[in-house]
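What follows is a set of structures to go through.
Shared between the two complexes below is subunit A, which has subunit B as its partner in the first and subunit C in the second.
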Partner chain A sequence: MTTSAATTYDLGHARPNGWWAMVLFVAGETTLFLMLFATYFYLRLQSRHWPPPGVDKPAVLVPSLLTAALVATSFAMQRAWRNGRLLNRVAALRWLALAGIVQGGYLIWQVHDFVDACHKEPPSHSAYSSIHLTMLAIDHLHVFLGILLTAWLLMRFATRITPYRLRTLQATAFYWHAVNVITVVVLLVDLSPHVG
Partner chain B sequence: MTRFRLELLQWYALLAGPWMWATQHVLEFGLTNSHCSMPVSYWHVPVIWLNVLITTVCGTAVVAAELAAFVVFRATSDTGKYAPGPWGRMKFFAEAALLGNVLFIVIVALDAAGAFYHGCNQA
Partner chain C sequence: MAVASPPVRRRIDRLERIWAERPGVLGWLTTVDHKRIGLLYFWTTLVFFAAGGAEALAMRTQLSQPEEKAIGPATYDQLMTMHGVTMIFFFIIPMTTGAFGNYLVPLMIGARDMAFPRVNALSYWIFLGSGIFIYSSFLIHSAPDAGWFDYVPLALKRYDGGLNIDFYALGLIFNAVSSTVASVNMIVTIFRLRAPGMSWNRMPLFCFAMLAASLSLLLALPALVLDCVFLELQRKVGFHFFDVAHGGSPLLWQHLFWFFGHPEVYIIVLPAFGIATSIIPTFARRKMVAFPLVAMAELLVAFIGFGVWAHHMFATGISSSVLVLFGAASMMVVIPSTIQVYAWLVTVNLGTPIFRAPLLFIGGFITFFVLGGLSGIMFAAIPLDQATTDTYFVVAHFHFIIFGAAVFPLLGGIYYWFPKVTGRMYDERLAIASFWVTFVGTALTFFPMHIVGLLGMTRRVYTYQHGLGWGIYNLLETIGGYILAAGLLMIAGNIAWSMRRGIPSGRDPFNGGTLEWATSSPPPHYNFAVIPTVRSAYPNWDEEDRENDLLRLEDDELVLSTGHETPLSTVNDAALDRVAEMPPESPWPIVVAFAVSIAFALVLTTHYVAAAAFFAAAVAAVGAWNLNEPEEA
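== the complex of A and B ==
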């Protein structure tokens, strides 16, 4: 299949309503995370020790590497969108699969660490563990939702490309960019006890 | 009405609700929180009237956003449900704002009630 500009779907210059709907959804979710960050720092300012005595500061290396891997999937999603728009279905499928594998690996590792953290320091134990685990849980839920979208796209692109599916890919790629930015900020907030 | 004015109305209808609620929430939180601190309570700041003022200004702006959404919705009534481009987007956002602003009106009212009935002895 050729991939010249003549063989692209003409989706027009205007963004589809599905993309705008995703923008609205992301705006709502961003508000939720801003409130979580505000709660985190409010509780921190009210506490003499943060984290409380007896609780270890969050690990730096593994969460940072995992987040870096997740952020790299933005590139894969963008490549999938670009190839999809050029009607290069196989290449789009490969980039989507690559992104899906990394995203799945990220979530499995993070959920394992999350369960471990819940056993060590349950949310009911202190204000720190409560907000720390709530923030992580909600972030992981967003990653899980993104993986569901990626999986759905993989199934749809396995057969053929349609303008509707391309718009879904465009909106999903935007969702992943937003989730990755949010995850970076969650990581920075989570690691903030190391800075003072 | 020109398309430019409709565009302005559509963005106002969509963004004014969350923006005004956030403004009201931050101002009233700061006001009630400072009211509970000993140095500020000594000044006898008219907290209730300031709450009424903030709620009236923000609430009116959200109601105006709901009206703006209705105007855009009526003006784009001939546009198809999945129409692309600016007209489709305006209709879509007008529908979203019509629903969203009802929620924001309720949130602004609840926020005002929370600020009005606050107590200074909470944790």
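== the complex of A and C ==
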């Protein structure tokens, strides 16, 4: 099954257990974010001014561009998975590395902006600052978790491909698609004060 | 089983060698065997149950008469809070999903283990760590003290400045990690490890109940976790989620808490439904009536449970139109619940029931579930709910449900599967006696609470004055509490005695219909010598199939005796997909749990950098654990 002549592994007809586990984990994460969004709008409904006077509305351009770059890594992860599936280890590794670099760059930039925002409007300033910064922090945390997974795969694919690693890549690619969708929604919620 | 031929004997010996784990304490610390992990959950949750019970008895002693001074108000608050937290998070959920689910689900679906055995061990050790974490609060007299629902603003730093609430919030976040991991494992196990042929319509109803409970846990817990994160951020770092002066809202806590809290009721009760649907067909000696309807009703209860959270908030001043919607949604829960009650009763009625102890406990369960359900429907009537909010009427209702409806099936289940787990029979006469004592104790403890609640006694009070007419009811409740404790001690005594002295039970003493009864008692490490094939929802009653298992063992078909393996099947039809190698025992789960436990303790004491280091160590340990990849079949 894993001979050198093989062009792919027999991973069975059904989705692997790890993929299902990731789907369920993402379902839990999605609920967490839905609760965050619900909290954001619940608190917004309690306030006359959102954001409160003296607090700037969130920046639009840079977060949007960063998010677009992050979303593009879904393509890279999918290419990595496709190449891995064909046992093309080097190509898979390259796509993974590309994705990892963009994801890492995204996070570094976002954390820098986050620290800056914490100085400008500390979370102890108002309910708006509290939920705004908490939502971003949790989003950055789950991007960080994804980067750990990408880094792990880079290490594992550097030596060889095994069915176990391939399944991990499949699950991680799914995770990144979900992270990217959630990050887009986080961005939209964050920018919602611009639309009234 | 007939005398095994030499090749069969060799295969079985090989399976023994492959699946055996290290003996002694080290074996238990590194185990990934679902049965051992189930037993670890069982004994640990029993300890927590004893602690929660002792807290209840201390409270009942204090309330036995007006102006009693057995314990002071601060201690009472801590005991009351820890009683609720313990019974829900450290007894019922881990007992049902952790002990019963872990031990029985792989056996019922014909698998050799859970889908992720090491993750299974991790969920137990994290559960244990979270329990020790939250109970260590008693050592510094700082146990959680704002009720199990921990309402703000009472739980904010301003009114509760010690570590009490921090133990609560961090302890529950910690515990949620365990429950989330366990839920994912349970769902994937049910999806992928069912024996060939066990399509959805042939899966035991117990497994449907575990599936529904696990899905609910997975989707409800994030709300509680987020609520606790908000609370800790507000208490420790000065955020403003619940603070009106800065744009927050105290009701936000309640919305998030009850978004978790109401599904939680079904998370607790659904496994009890599953146990009932296992015990009833066995002792009624017929298949469950309306099997597909009952399966759907179990899933529907879990689904509707997510739409009724605000019925815990009818007295908080939210708008009438919202109240009416939630009142109507609350009524809807009656439909799937009633389907199940009718199915249980009709199955018993159409069968030829033998009223042994497990079935008696199910009878007690149905009685209390119907009584508690009737008072539950009353709460969907908004004016009545508003009139009885925060009175003992509510306490009576939820104890009929949580103790009567959730714990009674657990007690019946303990008796029912005792022979399977130990290979010995319990004492039937003592078991029946223990049922009646427990039943009378439960009724006497919780029924008078309805009356005293309607007389106006509010909950969460540590004492009350003379002359209010509450004394006699409280005294009866306290007497009932001690009778109930006696009943539970009788069960514990029966188990302890029978484990050593009970007569050998044989493989299947009750002629059960599900697959756990197809293997020896106690089951071998590998569960089944040959992976069974399934053609009905009660495969152990399909004698021809079970005889074919012996032939397939002779033919070496799905014996899988060359590796530490279990078959994987397709999700819908349970057709054989491939064979997967399972990981062996591992020290990493306990190492990860230990690092996470230390990290939580450091967060509690605000040593954030050190805590981050221990979280990083936990991540590194997860990496080390994954270096050992299972070889693929």
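Going forward, the second predicted complex is superposed on the first by the 190 of 196 C-alpha atoms of A that agree within 3 Å, B and C clash if a C-alpha of one lies under 4 Å from a C-alpha of the other, contacts with A are read in each partner's own complex, and residues count from 1 in each chain.
Definition applied: contacts are C-beta pairs under 8 Å (C-beta built on N, C-alpha and C of every residue); 3 or more make two chains touch, one makes a residue touch a chain.
Owing to the predicted nature of the structure, the values given are computational and were not obtained by experimental measurement.
Novice: Please determine, from the superposition on subunit A, whether subunit B and subunit C clash or fit.
Specialist: clash
Novice: In the three-chain superposition, say which chain, subunit B or subunit C, touches more residues of subunit A.
Specialist: After superposing on chain A, more of subunit A is contacted by C.
Novice: Could you look at A:14 and tell me whether it touches subunit B, subunit C, both or neither (first, second, both, neither)?
Specialist: It touches subunit B and subunit C both.
Novice: Is A:148 contacted by the first partner subunit B, the second partner subunit C, both or neither?
Specialist: Second partner only, subunit C.
Novice: In the overlaid three-chain picture, which partner chain does A:136 touch, first (subunit B) or second (subunit C), both, or neither?
Specialist: Neither partner.
Novice: After the superposition on A, what does A:24 contact: first (subunit B), second (subunit C), both or neither?
Specialist: So A:24 meets both subunit B and subunit C here.
Novice: If you stack the two complexes on chain A, which partner ends up touching A:178: first (subunit B), second (subunit C), both, or neither?
Specialist: Neither: A:178 stays clear of subunit B and subunit C.
Novice: Touching A:126 in the superposition: subunit B (first), subunit C (second), both, neither?
Specialist: Only subunit C is touched by A:126; subunit B is not.
Novice: Following superposition on the C-alpha atoms of chain A, which segment of subunit C from the set 131-139, 185-193 or 401-409 overlaps subunit B?
Specialist: After superposing on chain A, the stretch of subunit C hitting subunit B is 185-193.
Novice: Which residues form the common part of the subunit A surface touched by subunit B and by subunit C?
Specialist: Overlap of subunit B and subunit C footprints on subunit A: residues 12, 14-15, 17, 20-21, 24, 27, 31.
Novice: Which of the residues in subunit A come into contact with subunit C in the complex?
Specialist: 1-2, 9-15, 17, 20-21, 24-25, 27-29, 31-32, 35-36, 38-39, 42-43, 46-47, 52, 123-131, 134, 148, 152, 162-165
Novice: Spell out the residues on subunit C that touch subunit A in their complex, using ranges where they run on.
Specialist: Result: residues 115-116, 180, 183-185, 187-188, 191-192, 218-223, 225-226, 229-230, 233-234, 237-241, 243, 246-249, 252, 255-256, 259, 568-571, 577-578, 580, 619, 623, 626, 629-630, 632-633 of subunit C touch subunit A.
Novice: In their shared complex, at which residues does subunit A touch subunit B?
Specialist: So the residues of subunit A touching subunit B come out as 12, 14-17, 20-21, 24, 27, 31.
Novice: Provide the residue numbers of subunit B that touch subunit A in the complex, in ascending order.
Specialist: Touching subunit A from subunit B are residues 18, 82, 84-86, 88-89, 92-93, 96.
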